[in-house]
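Structure record follows, encoded as structure tokens.
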Amino acid sequence: MVHIFLLALCLFFSSSVPSHGSVQDFCVADYLAPEGPAGYSCKKPANVTVADFVYSLAKSGNTTNIINAAVTPAFAAQLPGVNGLGISIARLDLAPSGVIPLHTHPGGSEILVVIQGKISAGFISSSANTVYLKTLKKGDIMVFPQGLLHFQVNAGGTKAIAFVSFSSPSPGLQILDFALFANDFPSMLVEKTTFLDDAQVKKLKGVLGGTG
Amino acid sequence: MVHIFLLALCLFFSSSVPSHGSVQDFCVADYLAPEGPAGYSCKKPANVTVADFVYSLAKSGNTTNIINAAVTPAFAAQLPGVNGLGISIARLDLAPSGVIPLHTHPGGSEILVVIQGKISAGFISSSANTVYLKTLKKGDIMVFPQGLLHFQVNAGGTKAIAFVSFSSPSPGLQILDFALFANDFPSMLVEKTTFLDDAQVKKLKGVLGGTG
Amino acid sequence: MVHIFLLALCLFFSSSVPSHGSVQDFCVADYLAPEGPAGYSCKKPANVTVADFVYSLAKSGNTTNIINAAVTPAFAAQLPGVNGLGISIARLDLAPSGVIPLHTHPGGSEILVVIQGKISAGFISSSANTVYLKTLKKGDIMVFPQGLLHFQVNAGGTKAIAFVSFSSPSPGLQILDFALFANDFPSMLVEKTTFLDDAQVKKLKGVLGGTG
Amino acid sequence: MVHIFLLALCLFFSSSVPSHGSVQDFCVADYLAPEGPAGYSCKKPANVTVADFVYSLAKSGNTTNIINAAVTPAFAAQLPGVNGLGISIARLDLAPSGVIPLHTHPGGSEILVVIQGKISAGFISSSANTVYLKTLKKGDIMVFPQGLLHFQVNAGGTKAIAFVSFSSPSPGLQILDFALFANDFPSMLVEKTTFLDDAQVKKLKGVLGGTG
Amino acid sequence: MVHIFLLALCLFFSSSVPSHGSVQDFCVADYLAPEGPAGYSCKKPANVTVADFVYSLAKSGNTTNIINAAVTPAFAAQLPGVNGLGISIARLDLAPSGVIPLHTHPGGSEILVVIQGKISAGFISSSANTVYLKTLKKGDIMVFPQGLLHFQVNAGGTKAIAFVSFSSPSPGLQILDFALFANDFPSMLVEKTTFLDDAQVKKLKGVLGGTG
Amino acid sequence: MVHIFLLALCLFFSSSVPSHGSVQDFCVADYLAPEGPAGYSCKKPANVTVADFVYSLAKSGNTTNIINAAVTPAFAAQLPGVNGLGISIARLDLAPSGVIPLHTHPGGSEILVVIQGKISAGFISSSANTVYLKTLKKGDIMVFPQGLLHFQVNAGGTKAIAFVSFSSPSPGLQILDFALFANDFPSMLVEKTTFLDDAQVKKLKGVLGGTG
């Protein structure tokens, strides 16, 4: 009976031409092959191991910086197993005065869960221009819809940790201050399109290393 | 023969139970019925007319305002025929010193075509933080990927007009200054999450009517 | 100047017909209106508050049961703010001998992060029939592609906690043992389609309350 | 032990607020509630029965008509269980001289399998304008990509039967001759936009009952 | 006039830069180029022939095996023309006592049509855990929503044949018994996550060739 | 402070493994790498310039042809920046008697805005077979749902210009007359599947260069 059944394994899923090894249960990123609008190319299934689906966010990001905070992503660019699967995750560390400045994720919605400490968070809706604010404690979760400006700040006297998940393997991260003050966006255009004062723009460009 | 063929019209698309009037070629918005994640509910096909698919953007928006510019949308909320179809359009009018301030469309990518005058436009990528700038003249088009900060300013001495199309019937519009300074976003939080000075925040809140 | 600018607020986003209050930044679930293939109908924006986007997963689920484990979901059915956003989350609690039995999420991929304790987890690919296994400790994450059989078991001597995020607001949960043994699936058909012995099927039906 | 386990059934999938009966495994069409861009509203799960997922295409469509053929659809409008699932099916009957005239499905791709007889089928690509033709016999299948003009004609001396599946629950059906000659499309516009002769247009309008 | 019109063919679809041969009507699989999350890479349009869209499912799969049944797929891995089109098909053959054991398709919904004989089929919903069962005869169709456990068994005394279509070109196939008993899934973990007895697991592992 | 902040730029977005340069804000077409179902492969971000997002549709297409009209596309095949973004655009030029003949876009919905002159346009719905007609003047817009037959004709005595946007970077263009009369579609099959007279088919094949 065993013999017949093993034969069954071969014959059961029969095909009159050879099958071409589709890996569409998942598409583990092959960083050396071309990337397309839907994500990275897939590794050959035979080369996929469990390590492609596992990652460690155990260590705190380094918060010895001016925002006293860190984001450690496990997006498709770091964790090949999420490629094509519509999900990714990151770790937030906020020292007592830590701030994740106003930012957007152009490519995905976010859900945050507080693991330690207290976090005040908020987002602003687009046309209605409503501000949604909440102070969250351990075990609280909060949703941030795709593409809307939002922030997180430490709201307790102690270090805060959160995990944030995204509805995309590559949600992107556009930090407002970096977009305005940390590249070569000409100051005159920044001022014209934000109504910020020249002194303010130049001061923050100085801090963040922007030119122009 | 006519008789038989007319009969054919009835019998050709045969069905053993009555068909339930699906309108899935299109789903013209019924503003009185519930809205869902994919858009408005559909009007009954029998009530749809060509007027549901037609709109006029012939008139200039009123640019007698502090930005000397106007956006006139034909999104699903104004033009019921685009509901569910993944497309919409708007008209931009920029007086000689007009500015469409930095903003994002959380829900769609944009393509702009200049109809009259000259427009300088730009967008900033997210993680790479690169600024892409171009001065466009009549007949030029430019692409703005979904969710990224971008702007348009009049770059000639005369009125400029453009049409902007979107990859969504409801792309949304989040204007940075309005999100920061034209609602009840507490100044302390604005400052903490943008590094702007208190005086700057309060000045612009004063101008734009923000509180808190 | 203020006066002109406030006027600008009204005129800037001009429209020749009244706009019909689209809420497409987000679509907070209205549980009393019809549900469609894309999710629940949306609450009127004016009725949306920050509470619609916030939830608490602070409390452990009750693990005093035969699997010594609990799943506490924050899906669209519990957390209205995730409706339509392609994301949701749940909390897993595993007592020292706790087991989340083999199951699938027909509607979404999953990413797990261990918050406390140790968890052994695994999934099985479809056509290639490969088993991917890993023992995870605090801070480790693991990906489970959509629709594939997977499990989590406590791998330490102490309580384990994890958060699991999904690429859908309603990923579903099909627990293998419940599908086979906890409903009225006729034993004869269970046996015929699983090759399990009659005694085995009847034993587990007895335990899980299945009939037929 | 049974007692504890039945308790487990209740406690296992725990939630601190009542769950709101999501039916997102499937969304069986409720023809009396509003339809949206993603399909019909869903019936309450408690009202769903197996009959919602089953249909009969056992009977031949009536081919006593001028095309000697019939299409019997099981789309979302006939079969409520496919609503939202991205699939549907129809039966084709072609009498010995039967023809399914040139048509498109605006909303889905098609796969055809011949059950009886012989069928010649073809489609035309868009920009490259290539004609792909094949005569199919029993057991042969053929793919017709979304939105492209295609046809099927009986290629044997005996009745032919096929099943055609679609990548949408509501693929639509636009028959070229009906679009041109069986409605009130003004003859002058038909001629101007097709270059057909006036006599040809009027002849076929006569046959198909068109006006204008 | 011909001359002018042929010229028109060239000039009509004008472009100021050369067009780069997009093949987006369809994307016939090139099995030698990289695969991505959306499917295989596309063959150059010039190399596509009608054979890429045609396949034969005329021959019965070999049912001389322990399940007395066979599945013969025409998925993207076998039929290059369905790549990217959201549809595929397979043939089921069930000898008089044939069984397609409990399985899921992680990547697509299914619609079945009985061509010959009688088939009893069923699926189980996820959270509600409801069993939907039906005995189908020739011409009957049945829908199986994505990712849910389902089965088909011969319900007559004669051979049964069915065609099953899927809402994906690569729906996947996870057969429960193969996932549990035909690979190296450690018996201890199988038992722990299914509550099956050790003897039962080892017996079926023996039959199906599983190890561990 | 600057020093610390520049350090922050490096440390803020921390990662324990190198990131693999994802470009998912956008995916500018690399015409030399493989194309997939979701579009062209992406250029390396470092090679992307603003020129990839800009195009000129300033020049009229050549309307010295039998239709007295021209379509100038800026699809993904011409404008690499729209690849993967769900949007594209084209320019229509219609001399006084110009006609864009009946056609479909299999891959996208369309929105048209008249820039100069007058245009009569229309489309035909599928199952309901309704004709929607409108004469449009400067500034008017009209929607054409995906895959439905539609046309545009000059309705004034002067040249007309319009821009048409699409909900896809590669919407395709199937012109009815070209599909029927400008390739090797055998006349006998054209006649059989359209009911056009042999003389009519041969006349238009002669004009449009068709064979067979």
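Labels for the chains are A, B, C, D, E and F, by order of writing; each one numbers its residues from 1.
In this text, a residue touches a chain if its C-beta (ideal position, glycine included) is under 8 Å from a C-beta of that chain, and two chains touch if they have at least 3 such contacts.
Owing to the predicted nature of the structure, the values given are computational and were not obtained by experimental measurement.
Colleague: Which number of steps is the smallest that gets you from subunit A over to subunit C via touching chains?
Modeller: The least step count works out to 1.
Colleague: Once the contact rule is applied, which chains count as partners of both subunit A and subunit F?
Modeller: Touching subunit A and subunit F alike, sorted by label: B, E.
Colleague: Could you figure out which pair among A-F, B-F or D-F mirrors the A-C interface, over half of its contact pairs being identical by residue number?
Modeller: B-F
Colleague: Degrees of rotation, nearest 5, to put the Cα trace of subunit D on subunit F?
Modeller: 180
Colleague: With chain centres taken as the means of their Cα atoms, state the distance from subunit B to subunit D in Å.
Modeller: 33
Colleague: Report the inter-centroid distance (CA atoms only) between subunit C and subunit F in whole Å.
Modeller: Here the centre of subunit F sits 40 Å away from the centre of subunit C.
Colleague: Spell out, as numbers or ranges, the residues of subunit B touching 2 or more other chains.
Modeller: 13, 22, 25, 34, 36-40, 56, 59, 85, 106-107, 125-127, 130, 133, 145-148, 168, 172-173, 178, 182, 207
Colleague: Which word fits the touch map of the chains here: line, ring, star, complete or other?
Modeller: The chain contacts form none of line, ring, star or complete graph.
Colleague: For this structure, give each pair of chains that are touching.
Modeller: A-B, A-C, A-E, A-F, B-C, B-D, B-F, C-D, C-E, D-E, D-F, E-F
Colleague: Hey, which residues of subunit A end up touching subunit C in the complex?
Modeller: Its residues touching subunit C are 13, 22, 25-26, 45, 48-50, 53-59, 74, 79, 81-82, 85-89, 108-111, 113, 115, 125-128, 130, 132-134, 136-148, 163, 165-168.
Colleague: Looking at the complex, which residues from subunit F come into contact with subunit D?
Modeller: Its residues touching subunit D are 99-102, 104-107, 120, 122, 124-127, 129-131, 133, 145-149, 151, 153, 172-174, 176-180, 182-186, 189, 192-197, 200, 203-204, 207.
Colleague: Which residues of subunit D touch subunit B in the complex?
Modeller: Residue list for subunit D touching subunit B: 29, 31, 34-40, 56, 59, 61-62, 64-67, 69-73, 75-78, 106-107, 168, 170, 172-173, 175, 178, 182, 206-209.
Colleague: Mind listing the subunit B positions that touch subunit D in their complex?
Modeller: 1-2, 4-9, 11-17, 19-25, 27, 30, 33-34, 36-42, 83-85
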